[in-house]
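These are the structures, in structure tokens.
In the two assemblies presented below, chain A is common to both, partnered first by chain B and then by chain C.
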Partner chain A sequence: MRSFLSHKKSDYFICAAVMLLLSLGLLSSNKYTLDILITTVYFCTIASAWNIMCGYTGQLSLGHGAFLGLAQYTSTLLYTKMDISPWLGMLAGGLTAMLLALLVGVLALRLKGPFFALATIALTTILEIFAVKFDGITGGSVGITIPYNPSLGNMIFKDYQPTYFLFLCLLALVLLTTIYISRSRLGSNLVAIRENDLTAASLGINVFRNQLYALMISSFFTGVVGTLYAQYVLFIDPAGSFSVIVSEKAALISIIGGAGTVFGPLIGGILLAPTEIFLRTWLGSTYQGAYLIVYGVVLIFVILTIPNGIAGTVSAYIRKCNCKTEQASGDD
Partner chain B sequence: MLSVQNVTKRFGGLAAVKDVSFEVETGSIVGLIGPNGSGKTTLFNVISGVYPLTGGTVTFDGRDISSMESSRVANLGLVRTFQIVKPFNELSVLDNVVAGAFQRCRNRDEAEDKAMVAMKMLDLAQYKDTLAKNLTLAAKKRLEIARILSTDPKMIMLDEVMGGLNPQETEQLVETVHRLHELGITMLIIEHKMKCIMELSSKVIVLNNGQLIAMGTPQAVVKDPEVIKAYLGADYNVESY
Partner chain C sequence: MLLQLIVSGLLLGGIYALLSLGLSLIFGVSKFTNFAHGDFVMVGMYMAFVSYGMFTLTPYFSWPLVMLGGVGFALLLYLVARSTIEKSGLNQILVTLGLSMVLQNTVLLFFKSDYKSIPATFGSSIKLGTVFISTEMLIAFVIAVVITGGFFFFIKYTDTGRALRAVSDDRAASKLMGLPVNLLDPIAFCLGIVLACLAGALLMTVYPTTPTIGSGYNLIAWVTVVLGGLGYLQGALFSALLIGICETVSGFYLGADLRQAVYYVLFILVLVFRPQGLFAGLGMKKVKR
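Entry: the complex of A and B
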């Protein structure tokens, strides 16, 4: 009981400390530094949102790009065609993504393991084709450029700090939600499903419904962060929005950082996103795409050496130490 | 409490359970015995909703549960353990039991308290932070019971929880089962250890080749010539575990 309380407190404490550390970036006015920070926090947030569904239930989605893209198109079209503020568009985008998750979940959550992963990839690809073919609405492969009209109402800013601040708020929100879920009945159910769905069902857990809830929460946050990113780069196109690569990155970052832990995706994002930017600038000019090879090697290395990811391995190590000290004090 | 009427389960052409009918009265302990492959575990799976049944009806507590999913059956208060233990390996013992307790609790504090009560009853309190995969078989079997106990069941079905335990562990578990029974939990028990069945159950059902071949008090059943022929053997002796 006491350990649970302290555990809960320590999660909130770590969350606050990390957010404080990241918000030091607000002091900088260097656009290059801020761009790196924004991209990092963007990927941390996507990965954390992915983790709510996939890390906790163990279902591998490689199609979170579908939710991301749909939300981006929703908010961008609302803004460019109907002049509805991106602040509302952000919410609308999140809700549309959630609705898509409901539809897809009802169909695809009957599948498990690789079959579910394949279904999610298919979903992303289908939506990408839709976005290309319905060019009357979506602008087709050319994409949509969001006009640069800086104002708070348009969620477009001259400087990068306000955007960065918004990303930080969203990351904090996703992390707090994750902490809350991890201590709630939903979290307990999801982890039970991950460990053994047959046993989970035998205890009275509705496997399908719990996974559906998780997928909807996860896709909502994925959608919201997607719209925020669209307002930052001011451009969307089918290949960039419904990207299998972005979906895979969400999965990779979480797996390397530690899927199914609160802070795994955060650790993964903070390590990988800047590394990728660095590798791309360093290798990109001479060998195009070489950074992806390095990325692949890192992934293989992590899966071979620490399959539970960084956060999973660290927490197992801490548990071991705790057991040892408890035993030692018991011997006294 | 539980009524099984003409239940049949076929896998393709093979009838694993054929036209089985019996009742489990509220507050009783019923033993289910029979040779390997006689359909005992299949019957459990059919009752608990893991497999859909081919024919017949199952009613629990006045409700028809014949075509209910296993999670719904469990919500009604009928839960079971698995013959091959299925702990949530990567979770601590406490979290394993909390997963069950959460089915009746809103918040985590409440769920943990409920889980601790169940764990104390099964002598697991000292392992609360141990990962389930690191437990001994005996403790894993107790964990299975603690986990279903924390869901506040009306009736539990135990699938060979004594299997693979040494005589001392078995005796302790028999005592625990007695204590659970005193709490008012109805039970249906599959067991190969005849001494446990004789000690615990008020009624015994015998399956052979998917068919019910005998039903009655344990003393009567062990004298039944058909049961002796199909299962117990001529040199049967109740006293050994």
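Entry: the complex of A and C
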């Protein structure tokens, strides 16, 4: 047990180190660098939020875009139509995402494997269709442009540093929550469910309720980071908000990095997001989908060779080494 | 008007049946969850388009090429996904998802994202009483019915078909009985993917195509398979017709943009409240265990 806790202490340490490293970016004033950093941290945060639900429980959601989009529309409509500050809108967006998660959970969490994934894809598509259809409220497929009025209250800034700082805070919050959950009863319940849900249920774990909590926490953070991103790019539209591609990216960044580990999504995001931006700018508009080919090939490769992802494989290796050294010291 | 909608829905559903049969077969025989199925429809559409562009062959004549290409793509899928068969379903989803991204964006590289179509061969429509039927659609439907009939004949009366049914009934027992399961998996993949590609070629005679069109067909294929009950081939057939009708009727009464929402909602409701499928317990033979 003590080794379990001390292991988690090292998690906090790594988390602090990574955040310090990333916050070095605040010293830069180059907008291009900061944009890359913001996008990277954005994808790290979405993937980490996805990981809380899907990495720990093994339920594959390909519809986190539904939570993301709903929250973006909530906060943006509150801001543009009723002039409510995005700071409150962010919270409101997170909460509506959570409510949607409650609905999804009650309906769909009893589904497993491909069927949960399909239901979440279908849900995202339904919401996208509605967002296009009810154009009186949502502005239709044209989307909504958020007026550029830089001020702290509007959460719109002239420079990129404050936005980057906010993203960093959110990433830290999500990581801390993940670490906290992974050492809590909820976390161990979730892992038990992932490994074998029938055994977990027979041990008295309420499978449905634990998964529902995880889904709600996960969707809340997804929603919050979505609203933050909307305030950064100042534009939302149905195809971008309720995008299956973004949901798939959240899933595969997390899986390539190592789903069900605290830092897997972070590793995946830091590796993949800059690669994506680099490929996009390098190949330009002539080869617009080329970066997704890379994503696809990497995903297939990772699943076929190291299905536990980078972090999962590395930590298994470290554990193996630790066992060996402990055995060696025990022999003395 | 309703009659008109039902007739055109049935014609559309006949083509959908091809893709849902293929998906159902692969899911039944190999217990393989294919999330790239719709992308093979897209690939079939582009193969038909390319054969028209290069040899001016309409899909009515280019189908052998499309079938050949389909076998190639099926073997590619099998090669990539072989090691995940009989393993965790999540890995199968993720591998096929990766493959779907690769396929979509490779096609995007070569053909760009604009809609491609083949000029209509006949163009006129037939009038039957009060119902107008597009000639293209009718021919596509008849071909689809012939293929479906051939498929069911193959599954029911040939040795290979019997072996496929046996494997989908009980994989472990079939292995013990000496059935070459490792050989039957690629056969099921080939049959399923070729059906999807042919469906694509037929759809190409009526609809334009674009690289991302596969995601929609993927969902349609899964919706029909779930509605029909997993692994029930006949169920998949009926629900494909039902989805076709549902699409045209709701498209007319609710507007074209809401027609997908209707069957996605139906899909979620069936998944949640009737996961055994709409027709379960109506005396249909299961293909899956």
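Keep in mind that, in the parts below, the second predicted complex is superposed on the first by the 329 of 332 C-alpha atoms of A that agree within 3 Å, B and C clash if a C-alpha of one lies under 4 Å from a C-alpha of the other, contacts with A are read in each partner's own complex, and residues count from 1 in each chain.
The rule is short, and it goes like this: contacts are C-beta pairs under 8 Å (C-beta built on N, C-alpha and C of every residue); 3 or more make two chains touch, one makes a residue touch a chain.
Remember, it's a predicted structure, so these values are computed and weren't measured experimentally.
K.L.:
When the two structures are overlaid on chain A, which partner does A:G136 contact: first (chain B), second (chain C), both, or neither?
P.N.:
neither
K.L.:
Of the partners chain B and chain C, which touch A:L111 in the superposed model: first, second, both, neither?
P.N.:
A:L111 sits against chain C, while chain B stays out of touch.
K.L.:
Just chain B (first), just chain C (second), both, or neither: which does A:P147 touch?
P.N.:
neither
K.L.:
Looking at A:I303, would you say it contacts chain B, chain C, both, or neither? Reply first, second, both or neither.
P.N.:
Second partner only.
K.L.:
Can A:L123 be said to touch chain B (first), chain C (second), both, or neither?
P.N.:
A:L123 sits against chain C, while chain B stays out of touch.
K.L.:
In the superposed model, which partner reaches more residues of chain A, chain B or chain C?
P.N.:
C
K.L.:
Report the residues of chain C in contact with chain A in the complex, numbered from low to high.
P.N.:
Touching chain A from chain C are residues 33, 35, 80, 83-84, 88-91, 93-95, 97-102, 104-106, 108-109, 113, 211, 215, 219, 222-223, 226, 255, 257-258, 260-261, 264-265, 267-268, 271-272, 275.
K.L.:
Along chain A, where are the residues that touch chain B in the complex?
P.N.:
1, 3-4, 183-185, 188-189, 191-192, 195-196, 198-207, 319, 322-323
K.L.:
Can you check the complex and tell me which residues of chain A touch chain C?
P.N.:
Where chain A meets chain C, its residues are 58, 60, 62, 107-108, 110-111, 113-115, 117-119, 121-123, 125-126, 129-130, 132-133, 244, 248, 251-252, 255, 287-290, 292-293, 295-300, 303-304, 307.
K.L.:
Enumerate the contact residues on chain B facing chain A in the complex.
P.N.:
Per the touch definition, chain B meets chain A at residues 48, 50, 69-72, 74-75, 79-80, 82, 86, 88-91, 95, 98-100, 102-103, 105-109, 111-113, 129, 147-148, 151.
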